[in-house]
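Chain nomenclature is as follows: A, B, C and D, assigned in order of appearance, with residue numbering initiated at 1 for each chain independently.
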Amino acid sequence: MTGLLHGVIPPLTTPLTDDGDVDAASLERLCGFLITAGVDGLFVGGSSGEAALLSDDRRYRAIEIAVATAAGQVPVLAGALDTGTARVIDHAREAAKRGASAVVSTGPFYVAPHSDEVVRHFELVAAAVDVPVVAYDIPSATHTHLPFSAVARLAEMGVIAGLKDSSGDLTAFRRILGATAGTDFRVFTGSETVTDLALRLGAHGQVPGLGNVDPEGYVRLGRLAAAGDWAAAAAEQERLLRVFAIVDVADRRRIGFTAAALGAFKAAQYLRGVIENPRCADPLLPLVDAEFDAIRTILVTEGVDVRR
Amino acid sequence: MTGLLHGVIPPLTTPLTDDGDVDAASLERLCGFLITAGVDGLFVGGSSGEAALLSDDRRYRAIEIAVATAAGQVPVLAGALDTGTARVIDHAREAAKRGASAVVSTGPFYVAPHSDEVVRHFELVAAAVDVPVVAYDIPSATHTHLPFSAVARLAEMGVIAGLKDSSGDLTAFRRILGATAGTDFRVFTGSETVTDLALRLGAHGQVPGLGNVDPEGYVRLGRLAAAGDWAAAAAEQERLLRVFAIVDVADRRRIGFTAAALGAFKAAQYLRGVIENPRCADPLLPLVDAEFDAIRTILVTEGVDVRR
Amino acid sequence: MTGLLHGVIPPLTTPLTDDGDVDAASLERLCGFLITAGVDGLFVGGSSGEAALLSDDRRYRAIEIAVATAAGQVPVLAGALDTGTARVIDHAREAAKRGASAVVSTGPFYVAPHSDEVVRHFELVAAAVDVPVVAYDIPSATHTHLPFSAVARLAEMGVIAGLKDSSGDLTAFRRILGATAGTDFRVFTGSETVTDLALRLGAHGQVPGLGNVDPEGYVRLGRLAAAGDWAAAAAEQERLLRVFAIVDVADRRRIGFTAAALGAFKAAQYLRGVIENPRCADPLLPLVDAEFDAIRTILVTEGVDVRR
Amino acid sequence: MTGLLHGVIPPLTTPLTDDGDVDAASLERLCGFLITAGVDGLFVGGSSGEAALLSDDRRYRAIEIAVATAAGQVPVLAGALDTGTARVIDHAREAAKRGASAVVSTGPFYVAPHSDEVVRHFELVAAAVDVPVVAYDIPSATHTHLPFSAVARLAEMGVIAGLKDSSGDLTAFRRILGATAGTDFRVFTGSETVTDLALRLGAHGQVPGLGNVDPEGYVRLGRLAAAGDWAAAAAEQERLLRVFAIVDVADRRRIGFTAAALGAFKAAQYLRGVIENPRCADPLLPLVDAEFDAIRTILVTEGVDVRR
């Protein structure tokens, strides 16, 4: 199955109802919207899915809905985000049980692990589940960069099937691609803004949060890259960079970075008519009307179809 | 019950068996050892308890054992450590159900919250449980300092009952003591090494990780401080600072900081005959024999009773 | 001469004229104001003196004025702040030539030195001048904490005569005091807000930036501490903590932290009638009238004599 | 003259004699070596030139030698690295007087400036000299990222002529290229390892530290990029990435990062027969023989011509 992981795999937001439950109808609609746009996989329960803010029940419910809606059309990756090995294993097992094609785990956080402890973490997680494990490097959230040596070793040992790199460090990205060239190891970029460069370096796929908002754009970008039309890919990327400005709309004196970014994704999905309620999980605070208007303007200007 | 929170409240390690289960006999012995030493409370499921590395089942089992062993002699505080509000609430409810006297929560982490979102987090947690909520500031783990303004506001609104400050910032500590003076709000220091200074500033209690190893020392320190014998308190503190050198024994080229520090606490507890197995939770790597010897030497030199 | 370094040694601001020159009359008045208040030394050309923003000529002019005005009544320490060893040596020699009693140097910054390279830096600086060298730990500015092992080694070798610790880390402070107890090594705190605690630990002196504004307060604090009247010292410290709120007055959406803090010191000195012009060096932006008013209110409320 | 700035502009090391003086003969040879290799400019007195560790005299001497040796064949940019505006202006004037074609300045560091203070810094520097000013973003050294808004504003106002970006952040790089497209503003990458990607994005030139060691490689990379042969450019870049491994050779338990990286550049220049003495400026510690051997092996393996 890992061999199949490739292409555009957006990290889905988790649509919520007024009282904070998973909004099943909206999530089904979101899955359908993305598949129709041509994505190659769905990643639920990642950072964009607000996994850090959702109870286990809601995390697992989102996986169930995505798996059922994808219905085998595309693979479903599931986040198993947690601070430590035993906790990650529990999530990974629940995800595998629900039909996830692969599970995604960061290294341990809250604690301060040694590189060898990071290796051991992934060894234990991989040994505990039958599905492939993808390592997730997102130092902006975990405050620890997955060490290159650890990732390279885990790839070489066949412990992990791939890497989702949201570090923003294209040198590290290039090095891991170089170290694993010619193998089945899969390297995905989490970037929204230099995705074309990552593809140019040989990335096997893209996991852009903004793919929640403009999946058509990232699918186009991927096709242009595959066709070797890098100038057109860059032009598409530059348009997407302008769309990405929605994350800077919210007044940061009032809400935090996560609320501003994920709130903008959900606002855009709401404006596009994909989800019913743009609210984020507690304790994130909402965007205000003027911010919705500013997001709508950006979407319209950049040719993104808006319904509301 | 909050009114009762005061004095020495060590953040217990969680003794484990070879296969990683909670070692009930050792944990009971540890509770007894601490109570006999004269502590005023037990804090289970904190950072020193490796909560970040334990499954929910084992976290809750540790709370049950501590509550049963304390048997009302001293209050039991329980950590509800997790990345987001809903997850913290789930832990807090499980802890309260098992008889915890209070629950302890950090602000959200992994995400990047605004100060007002931190306030909202604690409001929601406090509203969800009947036991007092203590805020936990540990930026070395969460990478976000609880903002002074948020803590002061939460204290004034009566949302949180107290603060455990492991930030190392005595100016912030002094400010929060000043802002809450004359109220029931309780301010605890998480320091092992300037505990006497925190008490001098008016701290209501101490939650030192090293209290797992040398509870007699911190109890003495607390009594000397209460008696106003600050010179003797400082001398005791300086002895404890020398004992604290056990966390620097392990070779950091081989294991991480958390493994070095918590491994040293458990090694010392093992050497003192309190716990049966000094292992930490996965994926932390163990100390080696020479490091155990070095720890034994420090303990013996500083007058800490060793059995092994 | 090092043996004489002790007590309150404020890190003087550098008063400037409209066109950015050193305002000699104001600096003389500032020196006199501080000496009259009872300080035990003057430190020119430190962080509070905006040394990082002053040309060599103006740095050296400030030293000349301070030395001439002090006229042997109290020792004058001079900052030799720069990124690397050769540059620090040049400043140190110019300072010594102008009569500085001691020179103060951070470790190298901009570059990323090893602990042994920090040791070598101070060895070379100390070998180049005949006056004592004081090491300056200010990680908020240099982004490198002077390693404990380096400071302890330099103290033991007699290379440096003392340490000015502006790290805010009282554990490190306690450790260096412990490691150098019984020697001539001098440990100074750069704290404005836990100065009493540092004195309690055995600090030989205090170098508080706020001493520019309220030297009478720090002199009183030092005398109360020397007399062992710690309760009165704490009360004085708490008053000074309230005065220190002047650094939080400026709107940080408009100016940076350095401009806010040093601008507040200079505004207060201007309001007290000590200096003629509250401007900071380029490119720092000025405080606005409402901020001056807020600072005046704080000063008056806390019993600081104001003339304007 | 700014209009002429483009292509490969290596940031020269500063060869030193045994006693730490500028080794004029070696520096002349280095300039010649680079010009022969086909570079389009020389940048002296930057981070790779150890400007932070050199006295003013030696900094200025290096500029004189480079200007004299270049003799108008290629422009010479000169670093004016310092903590504050007045100090930068002094260096910039000395550089301009000695014939530098442009001067390069970071934002203020040691202090913590607001974005508007960064703008003001560059306005004052640019107003003080007749040569173009290039802004230098190197947060690994200054610990402050030049804010995008400040750079964009300075570019639009025509205050700065260009940007040298050593931040590693290609999204920011892309944004500034986008904001200044169609103008004379010049954007240079300081990357050694994703230089091809920066050129692909439209960078006007490259300032790679490793260009000291393998200028032929970067010149080839530039030509391949200009010819649109991106596959060959990537292959050349990947070879250069393997050469760049020389900076990881030194044992970091013994020396710091700067000594390891700049020491490796100088070791390679020494092995290539370009400079006579591989020593770095005080207080950086030297590489050992085995490290020289490891560097020689890398150079030989990657086809870099070695003489020693």
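Note that contacts are C-beta pairs under 8 Å (C-beta built on N, C-alpha and C of every residue); 3 or more make two chains touch, one makes a residue touch a chain.
Here the structure is a predicted model, which means the values were calculated and not measured.
Of all residue numbers used at the contact between subunit B and subunit C, over half are used by both chains, marking a mostly same-residue interface. Distance from the centre of subunit A peaks at C, each centre being the average of the chain's Cα atoms. Computed centre separation for the pair subunit B/subunit D is 49 angstrom, with centres defined by C-alpha atoms.
With centres defined as mean CA coordinates, subunit B is found 35 Å away from subunit A.
The multi-chain contact residues of subunit D, meaning those touching 2 or more other chains, do not exist; every residue touches at most one other chain.
Touching pairs of chains, sorted by label, consist of A-B, A-D, B-C, C-D.
Interface residues of subunit B, counted against subunit A in their complex, comprise 20, 47, 50, 52-56, 58, 81-87, 89-90, 108-114, 116-118, 120-121, 124, 140-143, 252, 254-259, 281-285.
Put simply, subunit C touches subunit B in their complex at residues 168-171, 174-175, 178, 191, 193-194, 197, 200-201, 230, 234, 238, 241.
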